[in-house]
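Should a chain be cited, it is by its letter among A, B and C, assigned in written order, with residues numbered from 1 in that chain.
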């Protein structure tokens, strides 16, 4: 039975909240400004810290879903499926965040709401894959079958990620890029903010996962109780 | 195949769909050549049990052995000795009766000494004759009546001469004429040395042909015994008691 | 080699059944032609002459993909509808035989539809599409598409959403095949030598090898309860 009060989780949640505040400060104010002409460009560039950290979590989450799927197929244990589901849900939200933050960056930097550059394109495809995964789960009633199908799709779709990446990269290099990339080199102050955000977001992801997994386990407990009392 | 091992051996079989337990610990032993009639109300788990024995479904817990072998690994080869007749006819409507049987003959890789196709044809002819569909062999199955479909389904199930035959409520949806034919078939079946499990709602029809009977209620075997120990009236009483109490 | 014989039996069954009704074939054919008609019509309003050649690769593959989805849906929905999938699962053969059998029959149907629609497209688009290199790309692309599509179709046919869910699951995953096929097609129509297109062909071949291999490993989980 899942506990009602969970101190480590509480600590982690508070910690990730604090870290996020610090990260926010660093991103918006703390890190040095980029060496760009326009003021809007300089402000827009600050989104890179959150944007890339979000993308990192978005793809990490899918890897976890993949692992969860494999784990379930091999052991048939519900826990693996819960992990896969939780990660997929969180990943979907983060992926949406990538698309939105990418869009927010694009407008002041390049004057358009969307660019078909390789990273955004693959993020879009990844987002659609996530949606497909969640839709698939919603159309299967039987929990065992749902877990199996989701696991299979998670595996098949995960294999496609690197292939997609290669394909899109090839596609983009055959045509001259419309917009150059902004990376170049990052100043030391920026590097710190960058990695801080990566770590913060990862911790935030873990906290979210823990909460979501716990929620799902509680749901399972309720369902089991219902079956016992009413079934 | 272990010599002398029972044909079907289920030990503490459980099957859960989500939180709903369809089978809650079924123990069953069936020896070669026995004919078991399995009774039980709807939702008792009869179809689930049949599907597990047919290797279509994996149990959640417990084990099933066929001819002494665990179903898990050996499933693929075990299937060549199992025949199943269920609610669905498992036939292709666009194909003719003959083509359907030819397909299944290939899928079961009927023993081939000599020309495969010649042997297939001989077997198909024999089976069609047995179910009385020789005249309609070149007609697409979608033109068949329910009774004819059932007959062809039987043909399909016995085509590969399985040692274990499973019939899951075969009387469902049959008119009088088809039901009579089925009765005849089951009576013939009882005289052969095939091992058979028949699930049915009708105590009468089941007792007519079986030599062992069992009642499945709420996912458990509530009663099991030899046919010769009971008559129809006693059976009805036992059935009522057992399904009420469960 | 009984495994191969049984795979062959499944292909034979599908082909014979389809020849009887020609339902799927006609649906796929009409659909593919419709897509091209609508594309041509839509583009002619703004695009004409030489520029039609630019949109041809995309239009071609969109038509093939949508027709292919129709074909894939039918492959398993029919089996599921009539309960026939269980008949296949009862057979004493590894379940992956079902995957390869269905993959092969879907390939056959798609290739036939593509072969029949190519002349039609040539007429509508005014672009010559008879090129052995192009045919190679079509075969490779179709195989990649069917390779993933078959296992996903086996899955979606068993869910509530059925036909609707398949394109949603399939298209993001099959995107690299589409990209490679369209780029290669464009290159061929532009008259580029095959060596220039090697990278796309390699990508197609990689997809054609990796996906069926993965599908082979997990297919059992899709059909066995």
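Following the convention adopted for this analysis, a contact is a pair of C-beta atoms (placed from the backbone, for glycine too) under 8 Å apart; a residue touches a chain by one contact, two chains touch by 3 or more.
Since the structure is predicted, the reported quantities are computational estimates derived from the model, not experimental observations.
J.: Of the chains shown, whose Cα centre falls closest to the middle of all protein Cα atoms?
T.: Chain C is the most central one.
J.: Between chain pairs A-B and B-C, which one is joined by a greater number of C-beta pairs in contact?
T.: Looking at contacts between chains, B-C has the larger number.
J.: Approximately how many whole Å separate the CA-defined centres of chain A and chain C?
T.: Inter-chain centre distance comes to 32 Å.
J.: Can you give the whole-Å distance between the Cα centres of chain A and chain B?
T.: It comes to 50 Å between the two C-alpha centres.
J.: Taking each chain's centre as the mean position of its Cα atoms, how many Å separate chain B from chain C?
T.: Result: the chain centres lie 38 Å from each other.
J.: By the touch rule stated above, which residues of chain C touch at least two different other chains?
T.: 225
J.: Of all the residues in chain B, which ones touch at least 2 other chains?
T.: Residues of chain B touching two or more partner chains: there are none.
J.: Considering chain A alone, which of its residues make contact with at least two other chains?
T.: Where chain A meets two or more other chains at a single residue, that happens at 144.
J.: Using the touch definition up top, name the residues of chain B that touch chain C in the complex.
T.: 51, 54-58, 76-80, 82, 84, 86-95, 99, 103-104, 106-109, 140, 156
J.: Considering the complex alone, what residue numbers of chain A touch chain B?
T.: Listed in rising order, the residues of chain A that touch chain B are 142-144, 223-224, 226-227, 231.
J.: Contact residues on chain C for chain A in the complex?
T.: 148, 151-152, 155-156, 158-161, 165, 168-169, 171-176, 179-180, 183, 199-200, 203, 206-207, 210-211, 214-215, 218, 221-222, 225
J.: Within their complex, state which residues of chain A touch chain C.
T.: Contacts found on chain A: 73, 125-126, 128-129, 131-132, 135-136, 139-141, 144-145, 148-149, 151-153, 155-157, 159-160, 163-164, 166-168, 170-171, 174.
J.: Hey, which residues of chain C end up touching chain B in the complex?
T.: Checking each residue of chain C against chain B gives 2, 5-6, 8-10, 12-13, 16-17, 20-21, 82-84, 86-94, 224-225.
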